[in-house]
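The structure is given below, and queries will be raised subsequently.
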Amino acid sequence: MSVLPVNSLDTPRFCGIPTFMRLPQATSLEGLDAAILGIPSDSGAPFRTGARMAPHAVRQMSIMLRPINPYRDNINVFEKLRVADAGDCSVIPGYEIESLARIEESVAALVQAGLVPCGIGGDHSVTLAELRAVAAKHGSLALIQFDSHSDTWDKYFGGQRYSAGTPFRRGVEENIIDPHHSIQIGLRGSLFRESDISQSLDLGYEVVTTDDMYEMGFAKLAARIAERTAGRPAFVTFDMDFIDPAYAPGVQTPECGGPSARETLQLLRMMRDINLVGCDVVEVNPMYDGSGQITALLAATVMAELLALLATRA
Amino acid sequence: MSVLPVNSLDTPRFCGIPTFMRLPQATSLEGLDAAILGIPSDSGAPFRTGARMAPHAVRQMSIMLRPINPYRDNINVFEKLRVADAGDCSVIPGYEIESLARIEESVAALVQAGLVPCGIGGDHSVTLAELRAVAAKHGSLALIQFDSHSDTWDKYFGGQRYSAGTPFRRGVEENIIDPHHSIQIGLRGSLFRESDISQSLDLGYEVVTTDDMYEMGFAKLAARIAERTAGRPAFVTFDMDFIDPAYAPGVQTPECGGPSARETLQLLRMMRDINLVGCDVVEVNPMYDGSGQITALLAATVMAELLALLATRA
Amino acid sequence: MSVLPVNSLDTPRFCGIPTFMRLPQATSLEGLDAAILGIPSDSGAPFRTGARMAPHAVRQMSIMLRPINPYRDNINVFEKLRVADAGDCSVIPGYEIESLARIEESVAALVQAGLVPCGIGGDHSVTLAELRAVAAKHGSLALIQFDSHSDTWDKYFGGQRYSAGTPFRRGVEENIIDPHHSIQIGLRGSLFRESDISQSLDLGYEVVTTDDMYEMGFAKLAARIAERTAGRPAFVTFDMDFIDPAYAPGVQTPECGGPSARETLQLLRMMRDINLVGCDVVEVNPMYDGSGQITALLAATVMAELLALLATRA
Amino acid sequence: MSVLPVNSLDTPRFCGIPTFMRLPQATSLEGLDAAILGIPSDSGAPFRTGARMAPHAVRQMSIMLRPINPYRDNINVFEKLRVADAGDCSVIPGYEIESLARIEESVAALVQAGLVPCGIGGDHSVTLAELRAVAAKHGSLALIQFDSHSDTWDKYFGGQRYSAGTPFRRGVEENIIDPHHSIQIGLRGSLFRESDISQSLDLGYEVVTTDDMYEMGFAKLAARIAERTAGRPAFVTFDMDFIDPAYAPGVQTPECGGPSARETLQLLRMMRDINLVGCDVVEVNPMYDGSGQITALLAATVMAELLALLATRA
Amino acid sequence: MSVLPVNSLDTPRFCGIPTFMRLPQATSLEGLDAAILGIPSDSGAPFRTGARMAPHAVRQMSIMLRPINPYRDNINVFEKLRVADAGDCSVIPGYEIESLARIEESVAALVQAGLVPCGIGGDHSVTLAELRAVAAKHGSLALIQFDSHSDTWDKYFGGQRYSAGTPFRRGVEENIIDPHHSIQIGLRGSLFRESDISQSLDLGYEVVTTDDMYEMGFAKLAARIAERTAGRPAFVTFDMDFIDPAYAPGVQTPECGGPSARETLQLLRMMRDINLVGCDVVEVNPMYDGSGQITALLAATVMAELLALLATRA
Amino acid sequence: MSVLPVNSLDTPRFCGIPTFMRLPQATSLEGLDAAILGIPSDSGAPFRTGARMAPHAVRQMSIMLRPINPYRDNINVFEKLRVADAGDCSVIPGYEIESLARIEESVAALVQAGLVPCGIGGDHSVTLAELRAVAAKHGSLALIQFDSHSDTWDKYFGGQRYSAGTPFRRGVEENIIDPHHSIQIGLRGSLFRESDISQSLDLGYEVVTTDDMYEMGFAKLAARIAERTAGRPAFVTFDMDFIDPAYAPGVQTPECGGPSARETLQLLRMMRDINLVGCDVVEVNPMYDGSGQITALLAATVMAELLALLATRA
C-alpha cells in the first residue's frame, strides 16, 4: 500500500473515488501513524440535522489540498507521517447512545493499534465517544476545544444526558477529560442562562472567549494553549462554529461575530509543543453550505493543519 | 376564535406568521372537528435527515391554497369542518423511542378531545405513534398507505425495531392496525430481498404496486380502497415518496418511476366512503426541495384533499 | 442588420451577450415582422415576487433553441418571419399603474410600426397593457389564455383594481377583449370562492378546466380554439403556471396537478388557423427555478412555438 | 400571556410556529414595552425584489438566539423588557404609497399604546412610514442610520418620490427627522453622481463613511453617536447592506468592502446612552441568502442587540 | 473480495466512501463479469460544462438502490453477475482528443479482460472512446442510442471533429458502429438545419423520434430494438436528455417534452434479447441538478436496469 | 454611439440586456480608449469547470456599479475614458490550444486599434493569450499578478503545457513577460512540492505571499508594485482566488485564509503610477457562487477599480 496521496498534477482531482486528501484507503492498520475516520452521526444534534453527510463532503473538498505545509518548514506531512483514510465508522441514526458505542469501538480499534485517530464528525456529541476510546489508552486527556459554545450543559429536552450540548460535562464526570489542563476557546454570543460560561469554569476549564482571544492576541494564545496542556496527552476538538458564519455557513448552530479563516489558520499554525494523541473536526453540515462548500473546504484545511501539527511532533 | 382562514384577497399571503392554510392557531380544542399537528421528528430516518423542518415548510407553502374544493361539489372545507392549526408536538431529536412517546401523547390529547388528528411529519416512523393514539380510541385501524416502500421490515442496524422502515410491521404486532382491512399502494423499485413485498402480504396487507395501480386504473382503485376498509375507522398515511421524484424531489428516499401529481390528486379526489379518523402526510424533506419547494406545496395539497375527504364525510 | 440567429454550430452558445434565441438586437423596426419584448415588471404580483428578472432568464435559456421547427413542416421560422429582440421596456417597480402605462407605450411603438409584439413577462398584469396597445390597432381581441387561474377577480387588497389577478376582467370592461371569442384553458385547484370559475363564464369567456382538457383531448381542443376565435385578431397569453410545477417550478403561484411539458407542447403544435396579432409568455420567476432553470427553458420553448405558429400564418 | 421565550433546552428550536426569538405572540398590547413587527413590503425596491419574505426568514433564524446578553452585564433582555411578536402589518404589493400608509397605521397602533416598535423590513422605504408614526408621538427624531448608501436621493424613474433610495430626504422634508442630531454611518462604493455624499451633508446629516469609521475606531464612533443624538428621541435604522456581502449576501443592493459581522456587533454593543424610541432592521432578501440564511441570522442578531440596548435604557 | 454490495439494512447508506450501489471496489479484474467505470470527461461539451463531476454524483445517489430487480423475476443482479466498481479512468480536461485516448485505454483494459464495461460519463463524446475499445474485441457494434439529439453532426466550431455532437457519425466512419443494426430513439425539439434528422437516416441508422415512440407504444418499441440489433454484439448508450427536463434537469442540453421516468424505466424493463457487450449512461451534470440530485438518481436507476438486462442474459 | 452608461436612477437596473456596468455595446472601435472583452473559456481548468459562464455572470452583477469613483478624487470614469463592452470572443470548448489562438486574435484586434483590453475570464490560462496580443504591441510586459497560486508549474496531466496552472512560466519562456519587473501577490496554502514558491523566484518574479502582504502593509505594498513595474507597460491579472473564499466562493480552486474584500479594494485603490496597457479578472465560476453571486459582484468591482486606475492615468 502506497502511503502517498494521488498527485493532482498527474491525475485531475475530480478523477477517482475521493478519500481524504486523496490518501490511500486503509486496508490494514499496520505501519500507520494516524488515520482519518469519518464519524457520520448527527443523532446528538438539537437543531439543524445533516452532519451525517459531513465526512463525505469534507473528503470531497479535501482533494483541493496539497501535502506540503509551508507554515511548518515546508514539511511533506505524508512523508513524516504514515496516514490512511480508514473510511467511516458505522452509526445508528436516531439512537444517540447506541451510536456513541459504535463510534467508540471504531476509534478504539485505531487507538489500540497505536494510531492517532483523526475524526471527521458528525455533531459534537461524537467527541465524547472518541475521548472515551483515546483515554482508555492515554488516561485523562488535556482537551483543546475550539468552539463558540461551551457544550457543558447538563441535560436537554426532558433529561437527555447525551447530546451535542453536553459532551464536555460528561467527559469531566467520566474522568476522561482533565479540565485543569484543558481550555475552551471562542465562546461568544447570547446565552441561555447567566451561568452558561461560568458552568465551564466551575468544572475546571480555562475559558477564552472570542473577545478575550482578540485582546490576548493569537501568538500569546498559542503559547497559552501549550502551557495549559503542559505536555500531557492532548486531544484537539474543533467545532466549525468557532469561525464566523461568513466563512463557515454550513454548521448546525452558527454564531455571528467569530474570527475569520485567516485568523483561525494563523492560530493553528502557531500552535507548538502539543502532545497530540487524537483530534477531530466536527459540526460541518453540508446541507447549509451552498454549492461552493466553503465550510467543508475550511474543515478539511483545519484537519490538514492538525495533521501538520502532528507531523511536527512525530 | 374565528375558524376561517385569513382571506388572501384581502391580506397578501406573505403577511403574517404562517399557519396551515392560514387557519387560526388553536388556543383551545373546544368545538373543533380536526386539527393540524406538526410532527417534526426525523430520528427514525435511516438515510436523508431533515424532515424535522417539514411541518414548517409545508405550512409555508400551504398558504397558497384556498378553502373551496371544486372536486367535491365546491364545498368550503372550513365551513363544513372546524379546523385549527395546533402547532407542533415536541420531540427529542436523536431519541427515537422517547420521541414516539411524546408524539403519541400530543396526538392522544387531540383524539381524546374528539378531534381528527391531521399530522404533518416527520419521517414515516411517526405514524406508529399516531396510530397508537388513534387506536386507543377507535380500536384496530384500517390503514390506507400511499408509499413506494412497504415499511414492514423487522429491524434495522443491529436490531433497532423502531425506524421509518418498520412502523407497519410494528402496528400489526401491536394490534393497532387491522391488516385485513388495510391496503398498501404504490410499491415499486429495486428490493433489498426477494421477500420485500411478500412480507407485507404475509402480514395480511393487500398490496397494490405502482404497476398494479396503472393496470387497475384510478377509479377502480379508489373503489377498491373503500371496499377494503369497509367502513371501519380508517387512517390514511401518505408518504410523499409515493409520487415520482420529479414532482416530489424533497423526500428521504426518492424512488424513480412513480405517478404524477395529477394522477395522485385524481386518485385522492375519487376516494369516497372512508371513515377517516386520522391522517398524515410524511417524509417531506425541505433540504432537498429546492427554492421552488414543490414537494412541500404538493404535500400541503394532499393534506387539503384529505381535509376535503373528511369534510365530505362530516 | 442580419435577421438570422447566431449559428450555435459555429460559435458556442455561451459566447456573447444573450438575446432571445441569439436573434439580432433591433436597431430599427423597419422591415421586421415581429419583435421579442422583455417586460420586466412584477408590481402586479400578489405573492412571490421576482418576475422582473424573467426576461433575462428566458433569454439565457432560449440560446438552447434552434431555428427549424419540425412540427410545422420543418420551416425555418426566421426565414419566414423577420424577428428581432427589441430588448426590454422600462417599468417603475412598486408603481403598478405607472408601469402599465410604460409597457403600453413600448408595445404600442411595435404595433404601430406593424410588428407583432411577443412579450416576455413579467407578472400576468402586464398582459393588460399589451392588450391595450394591440387592441388600439386591431380592435377588441380574441383572447386565448393558458392559465391555471382565471385572473378575472375584481379587486385585491383593499380595492386595488390592477394586479396579476384582475387583467381579464379589466380587459372585458375596457372592451379590448371580446370574451365571446375568447377561451380560458387550464383552470384547476382550490378556489377562493364558489364563484371563482363562474365569474369567467359570467363575463362571457369559454372556460376549459384542466379536467375538461383531458376529457376533450388535445386535438379536439386545438380545433375548438380555432373555432372559438373564428379568424379574428387573436392574442395568446401563456401563464407558465398552466403547466405542472414539476415542469415549471419557477412561477409565482404554482398549482399542482397540471399537464406535462410534452402535453403542453403537443397542444401548441396542433394549433392552426389563428390570426395571431400578439402573444406573451408570463409569470416565470427565476428565483424559484433552481440552477437547472427548466421553467425558463420551457417558457422559451413555448415562445418559440408561438413564433412558429405566427410563421405558419405569415 | 407569558412574556418569556420558549426555552430551547426544553423544546427543540425547530418545534413550533416560529416567532421572533420564540417570544409569545401579542394577543393584546397591554403591559408590553416593545413589540417586534414584521413589515413585509418590497414595493420600494428599485433592484432585487423579495424583501417581502424577510420578516418570515428573520424569525426563522432568530430561534437560534438566547435571551441573556453577556455584552451588557448579562442582562436577561426579556426580564427587563416585556416584548412580544406582533406579527406582520399588511401591505399592498405593487402600491408603494398605499403600502406606506398601511405600515404607518400599524406602527402607530404600537406607538400610541406606548410601545417601542421594532420593525423587521422590508425594503428601506418602509422606514419612512415607521418614522412618521413614531414622530407623531415623539416629535422630530434623531436618526442613527447604518447603511452603505445614503438613501437621500430625490426621485427615481421618472419622478417617483417614494422608494428605498429616498426616505431620508423625505423624512427631513416632512420634519420627522432632525438631521442636525442625525448620523449616517457606513457609506461606501461607487457613486451615481459626484454629489451623492454631499447631498446628505447638505440636508444637515453627519456622514461617517466606511473609511472614516475605521479611521475613527469603533469605540470613538459609538461615543460620537451618543453625542450627536444628545439624548433626544432616537430611531435606529439598520440596512443590512452596511455589512460586507460575505456576511450579508442576502440584500437588495450589496456593496463590497464593508465591515465584518464582528466589527458590526462590537459597534452596536458599545453603543450607550441612546434614547431609543424605535428601530428597524431592513433590506434582508432571503432569495439571495443561500440555504445557510446567514444574512437573516445576522439581522436577527442585530435586532437582538438593539433590544438589549433598549433593555439597558429601560 | 466480496462481490455483494454493503447491506443498507445493516449499515446506513451514508456510511462509507460511496461506490456504485455500494459494490466492492475492484482490486483485480479476475473473476468479474462487468465493471462500473466512471468517465469524468466534459471536454466534448459544447454548452453546459460540469459532467466531469457526474461519476461521483451518480455513485452518491446509487447508494439508494437495492440489488433485487422485481421487473425481471426478482433476480439478485449481483448474484447472477459479478460486478465491481473500477473507479474512474483518468482524463485530460481541455484536451478532447487526448482524453478520448485515455478513456479508450481504460475501457480496453476491461474489455480485454473479458468484462462488460459499464460507463458513467461524462459528455456524450466519451461513448466514441468506449465504442472503439469494445469494437476492438467484438467488431462493428449494434448501437442502441437513447437521446433527444442524434449526435451525428460532422463538425463544430471551425472544424473540430470530436465533440458531444459528433460521436455517432465518427463511429460509422470508423466502422465501429454498424448503423444498419443500430437505432436512435427519442429525437425531438427544434433543429439547426432541415437535415438534422435525415443525416442519421443517411448514415444508415433507424430513427425513432419521441413522437414515433408514443405512436408505436413502448412494448412494440422494445421488440423493435431486439429485432433491429438481431443478436449482434450491442452497446446501449443512454443520454439523460432523452428524458424530460422535469425528471432530468441536470444535463448539458435539456430538451423539453420528453418521456417521464416511469415511461423510460418501463421501456428499459421491457427490453429482452439484447446481446449486451457494453453500455453507458452519459450527460449527467450535477451542477444543474439541485440539492435533490434527481437526475443522478435516475441515471443510477437506468444503469441498474442495464445491469439487470445484462444479468438476465448472463 | 453614446459612451455613457445607462443611468440607473432613470431606468431600473434589471431592464435591458446587460452589458458591463450598462455601458454601450461596441459597434465600432473608433474613438474608444478601452473595451471590456468577455473571454468565456474554461478549457484550461484542471479542477472545477464553468468559468465559461463567468463573463455573463460578471456583467449581470456589474449593473450594480455606478460610474463615479470616490477613491480617486470623484472622477467619472466614463467621462475620462471612452469604454464600451465589446462582447465575448469566441472559443472552442475542449480545445485549449485552439481556444488560446481565438482569444489572442480577438484581443489583438482591440490592441491594434489602440484600445486597452479589459478581459473578463475564463480560467487563468486565458491570460497567456491576452499577454501575447498585448506584448505584440508593447513588448515584454511587467506583470502584476494577484493570485493565491503562482501558476508557474511546467506541465500537467501527462505533459500538457497549456493550462490554468502554467501561463506565467510560458509567458516568461515566450518573452512576453519581463519577470524582473513583475510581481506575484497573495500566494498561500498547501503546496504540491517544496519548490512551488521558489519556482517563481527562479523564473525571476518577485513574490509577496499573503503573510508577507500583511507584514508589509497595504500602503507599502502598493508603493512596491509601482516601484517594481517602474513605469513599464504593465498588465494586471487578478485571479479571484486571491481573496478569501468567504468573499469569493465562486472560483475554481478556492484557498482558505485570504484577504477580505475591503483589504483587497483598499490595495487596488492605493495603486498609483501604473502604466496599464491591459488587465483582466479571471477564475470566476458562477456555478459555485450561490444565488447571491457575490463573487461576480466583487469581480465586477475589481474591474471597475482597474478602469478607475486606467482613467487616472489617462
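Note that the chains are named A, B, C, D, E and F in the order they appear, and that numbering of residues resets to 1 at the start of each chain.
By our rule, a contact is a pair of C-beta atoms (placed from the backbone, for glycine too) under 8 Å apart; a residue touches a chain by one contact, two chains touch by 3 or more.
Not measured: the values here are computed from a predicted model.
Undergrad: Which neighbours does chain A have in common with chain B?
TA: Chains touching both chain A and chain B: D, E.
Undergrad: Which chain pair shares more contacting C-beta pairs: D-F, or B-D?
TA: Between the chain pairs D-F and B-D, D-F carries more contacts.
Undergrad: List the centre-to-centre spacing of chain E and chain F in whole Å, with centres computed as mean CA coordinates.
TA: Using C-alpha averages as centres, the distance is 40 Å.
Undergrad: From the mean C-alpha coordinate of chain C to that of chain E, what's the distance rounded to whole Å?
TA: That pair's centroid distance is 37 Å.
Undergrad: In chain F, which residues are in touch with two or more of the other chains?
TA: Counting only residues that touch two or more other chains, chain F contributes 11-12, 14, 46, 52, 90, 92-93, 156-158, 244, 246, 260, 287, 290-291.
Undergrad: Looking at the whole structure, which two-chain pairs count as touching?
TA: Pairwise, the chains that meet the contact rule are A-B, A-D, A-E, A-F, B-C, B-D, B-E, C-D, C-E, C-F, D-F, E-F.
Undergrad: Give the list of chain B residues in touch with chain E in this complex.
TA: Interface residues on chain B, with respect to chain E: 46-47, 153, 155-158, 165, 189-194, 196-197, 210, 244-246, 249-250, 253-260, 287-290.
Undergrad: Mind pulling up the chain A residues that touch chain F in the complex?
TA: Against chain F, the touching part of chain A is residues 7-14, 64-70, 74, 76, 244, 246-247, 260-262, 265-266, 290-294, 297-298, 301, 304.
Undergrad: Can you list the chain E residues touching chain A in their complex?
TA: Contacts found on chain E: 11-12, 14-19, 25, 38, 40, 52-53, 56, 59-60, 85, 87-93, 287, 291.
Undergrad: Residue numbers of chain E touching chain F in their complex, please.
TA: Interface residues on chain E, with respect to chain F: 42-46, 49-50, 52, 90, 92-96, 98, 156-158, 160, 162-163, 287.
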